[in-house]
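Each of the next two complexes has chain A plus one other chain: chain B in the first, chain C in the second.
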Partner chain A sequence: MDVVVCIKRVPDTADVVEIDASGNDIETDGLAFKINDWDEYALEAAVQLTEKQGGSIIAITVGPKEWDDVLRRALAIGADRAIRIDQDMVTADCYAVAKVLEALIRNLSYDLVLFGAQSEDFGSAQLGVMVAELLGIPHASLVVSLQVDQTTARIKRELEAGTLEAYAVELPALLTIQTGINQPRYISMAGIKRAMSKELQVISLSDLDLTQETLSPTVMLEKLELPPKDKKAELISGSPEESAEQLARILQNSGIF
Partner chain B sequence: MAEILVVAEHRQQKLADITLQMLSKGSQLADQSGAELLAVVIGKNVDIYAQELARWADRVIIFKKDELEGSLAEPSQMMLSSIIKQRRPKLVLIGHSSFGMDLAPSLAIELGVPVITDCIDVTIVSDNITVTRSIYNGKLNAVYTFVPSETVIVTGRVGEFEVKERNLRGQIEEIDYTMQENIEYKKFEGYIEQKIGIVDITQADIVVSIGRGIKEKENIEIAQELAELLGGVVACSRPIVDYGWLPSEYQVGLSGKTVTPKLYLALGISGAFQHVVGLKGSNMVIAINKDPRAPIFNIADYGVVDDIYKVVPALIQKIRELKD
Partner chain C sequence: MTLTSYKYADTIHRCFRCGYCKFPTNWADVNNCPAYARFRMETYSCGGRLWLIRAWLSNEIEWTDHLAKIMYTCTACKNCEEKCPLRFNVDIMNMITAVKGEMVERGLIPSQVKDFLENIQRQGNPYGKARAKRGEWTEGIEIPKYKGQDFLYYVGCVGSYDTRAQETARTLGKVLTKAGVSFGVLGGEENCDGNEVNALGEETLFEMMAEENVTQFKELGVQKIVTLSPHSYNTFKNDYPLHDGNFEVFHYTQALRDLIQGERLDVSRGLNTRVAYHDPCFLGRWNGEYDAPRMILNAIPGIELVELEKNRAGALCCGGGGGNFYTDFLGGSESSPARIRAREAYDTGANILAVACPNCMTMLEDAVKAEGLEDKIDVKDISEIVVEATGIA
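== the complex of A and B ==
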């Protein structure tokens, strides 16, 4: 069972995110970066599969040098090797990124390609499905349960309001993984040590026979802006005790108790 | 005449709410830009939806096929690409639902047209389509346009577009289409409904809901204590279920329950839209969160920017005092 897992580095959205001077990117100074939450679940799913059934895991990403840290993390979690396509495509449109990933994955050996269902930053939840269509393989998004045999992935995908639907998907296939499918493991010291000796390959667009020009965008980011506050909470300030007192009075006056 | 096409979604004999939202937005855009609204519905016994769709759409296209079950992303893609190639609508609207996420990106690739997903607004001004997306977990909005294309695909965020009733009597047309491909590679094996839990959070008047900010499983107890004191129930956002700290029937949001209590008290919940969509009908929302920029404060009535472990025990104390 050979698995390719596509991962992304994102800013920690618990931090304050500010718009930079250009107006269409964010201020990255002082932001903490991390592996995309969904991608950790995808990696864990891959590791659980190969632990049971053998095979190897390749983690791949598209980004500049700093993105090596998420690949190292993937190697520590259990990926066997990692490939970074050296191109900054953070603000590029998904279609261009999908073409780049497809150009690489097409030449790898795989039974399954896994993506996180969405990213924490832009969250468009479309990259994996685009790559599947470009590769010409079946896909299913929002997968919350996964069992694989030699030829078939038996999956459950999440619908709305607590309902799931089950499918049998022929391999090779591409799945996008929803959080909660597993409990991602803590990374051990041994895992970190092993990761240091694993291969992290860096390739360029030209290695994939791609040029900037073949990746012309289909959509344009015009500007970033702060969301309008349709209704802003009345903020209660003071010490925790003072806030608690005011809240308690609000609850009492509203007849909650 | 230019057309705007809405892809109707349905499950288990009901049109999805998102479809009514997309039809409402679509008909408004069609009016503004002098286009006709076209609704397309695909699946088993879909003629039952025709009349309802025709209240919004100038034209309803029905494709009935009894073998079609499940979310139908693949057969929908085949059908839609054929219809879109033929009619060239300028805009295709699909819900950013589980169905839309499986369908829209691959449909766009097959047709070679641009797509922007999960939009919270769509406008057409002198034929130019502009969309707004909410990014970085609700902290920023991004405004996008498309490179010139005869057709573009937009998926709309669930719950962002108001349903406005219309009373058209659109023309209903049933079409015949032979599937070129038998979809052997992805077989539907059935729906799995959530099991009914002991507590029904949808019936509660007071919901004390916890999110990632609760940090430790043990801290659920103070939320429980507060809920009991107020005669309410504990609920949660997705991470709490993902961590295995509470069963899924306690989850509020898109993939969980929709609640409409008198009071929704959000403890350590950032307010991702997937969660907020499930609590919009609450009478009063109070949020306690350390992060002053958390989107939950945009929808709450009252907010406290502080640590929940400091405020909640003090709140329990004060309520006890006032009750005596």
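== the complex of A and C ==
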């Protein structure tokens, strides 16, 4: 079972998010960065599959040199090799990134391509599905359960209100992985150090026969804004009995119960 | 790792589960292992853990999340080492830390521990709060940055980020200033000391942190360190020398004792109250310092110092050690060690439960509230008691 996992590096915004002077990015000065939460679940799913069934894992990302750190983590968790396409595309539209990834993945040998269901920063949840369409392979999004045999992936995907949808998807296929499908293991610092000896290949757009022009965006990010602060907080005072009564009335009046 | 490659394979089987590890020094009950007190099952006691370690490493039992949690409920309080009558007792903590290390290595740790360690990796504190905010505890008070003064005042993660412990950190800053101590803080440039990272079994991460801190301290010309937390004190004193970090380290209670005895801090204003003192494990059992905090309290006119039933080497841990102040595996019950301790303190008739550790502060203050005792007994740090006795505003 050969698996390709696409991962992204995102800011760990903790409790600080500020918009920078350009107005279309956040202030990244002083921020720590991490592997996208959903991608950790995708990596764990890949490792669990290959631990059980054998095969290899290739981790891929598109980003500048600093993004090597998330690939090192992928190598530490169990990827056999990693490829970074050396291009800063953080604010590029998904379609442009999808074309870059497709150009690389189509030349790799794989049974499954895994993405995180969405990214923590832009959260569009489009990239995986676009790549599947460009590759011309079946796909399923928001996968919360996964069993794979030689020819088929049996998956469950999440719908609203806890409803699940079950599919058999013919391989090769692309799946976008939802959180909760597994419990991603801890990646020890010793493991990250050991993974420094694994192969991390860096390629450029020209290696993929792509030029900047072919990546011209179809969607442009114009401006970021923090949500407006609303003054709707209401403080309830009085004894616990009085407060409970007031709260019950508010909930009743707002139609919650 | 298998049992044969386990460093303590030759000794771990010698535990025959006599159960002494659960007793306090006065043999009053069997509840002095905090995890055993909370769960009342042999598996959570030190002896139970050692038998489980042996079974896991011999492939007699499989790893489960439950097994990992049992290991991580250990608060590293060292009561077991204190009470175990066998000669291998000096290695008990190491036996447990080594198996936590194996779980870290295999990635098989409870999610709360994973969060703790990943937050440290990313933001340098267990809470996952922004690294950039580490120095915010100094806002509103005059506190000098460290620039080669006599002492580096090292605050640690809890004092830097926890709202209540921040008050303590500021108060100690005021006391040191009042006494004319030449000191400075690192503020936003301070990094986690790593004591808990080590106790959680992430040895490589700890080594990196220790080396980074030693490099920073040396570059700044630090020679003497005074710490707010006994956890920082412990690792600076006992672990950092192994990483070429040889500093003169003081817990702040030792510094305040010296300042009072040297008449640089005048506590003659006094405080008329009854105080029970809770020994922090990393000051007491880990480093044998039981007297400095008591000498401070005894030096303050009007204070009647009373002892908790379990004290000094027999003190019950607050349940916050070994990362448990964050992972909270022992919380949520009347049998949570902090709540037992809060009741014990109330039973002494004390008005104040004095602590000398920011972890104990957060654990015991929450416990006093959970017990509904907040109108009856205050949890105060010794620095806060000293401030009142000196009349510093």
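Just so it is clear, the second predicted complex is superposed on the first by the 223 of 257 C-alpha atoms of A that agree within 3 Å, B and C clash if a C-alpha of one lies under 4 Å from a C-alpha of the other, contacts with A are read in each partner's own complex, and residues count from 1 in each chain.
In this text, contacts are C-beta pairs under 8 Å (C-beta built on N, C-alpha and C of every residue); 3 or more make two chains touch, one makes a residue touch a chain.
These numbers come from a predicted model, not from an experiment.
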| message | Contacts for A:K34 in the overlay, against chain B (first) and chain C (second): which applies, first, second, both or neither? | response | second
| message | Under the stated touch criterion, which partner chain does A:I236 make contact with: chain B (first), chain C (second), both, or neither? | response | first
| query | Given the superposition on chain A, which partner contacts more residues in chain A: chain B or chain C? | reply | B
| Where does A:Q183 make contact in the superposed view: on chain B (first), on chain C (second), on both, or on neither? | both
| message | Which partner chains sit in contact with A:R157 here, chain B, chain C, both or neither? Use first/second/both/neither. | response | first
| field | chain B versus chain C as contact partner of A:V16, first or second or both or neither | value | both
| task | Applying the touch criterion given at the start, work out whether A:S254 contacts chain B, chain C, both or neither, answering first, second, both or neither. | result | first
| remark: Overlap of chain B and chain C contacts on chain A, residues 14, 16, 183
| task | Enumerate the contact residues on chain A facing chain C in the complex. | result | 12, 14-16, 30-34, 77, 183-191, 193
| field | Footprint of chain A on chain C - complex, ascending | value | 65, 104-109, 111, 113-114, 117-118, 121-123, 128-133, 202-205, 208
| field | chain B contact footprint on chain A (complex, rising order) | value | 11, 13-14, 16-17, 19, 26, 93-95, 98, 117, 120-130, 132-134, 138-142, 154, 156-170, 173, 179-180, 183, 216-227, 229-237, 240-241, 243-245, 247-252, 254, 256-257
| query | Contact residues on chain B for chain A in the complex? | reply | 11, 16, 70-71, 74, 96-99, 101-102, 104-106, 108-110, 113-118, 130, 133-147, 149, 158, 184-194, 206, 229-231, 238-239, 241-244, 248-249, 251, 254-258, 262-263, 270, 284-287, 291, 293, 295, 297-307, 310-312, 314-315, 317-319, 321-323
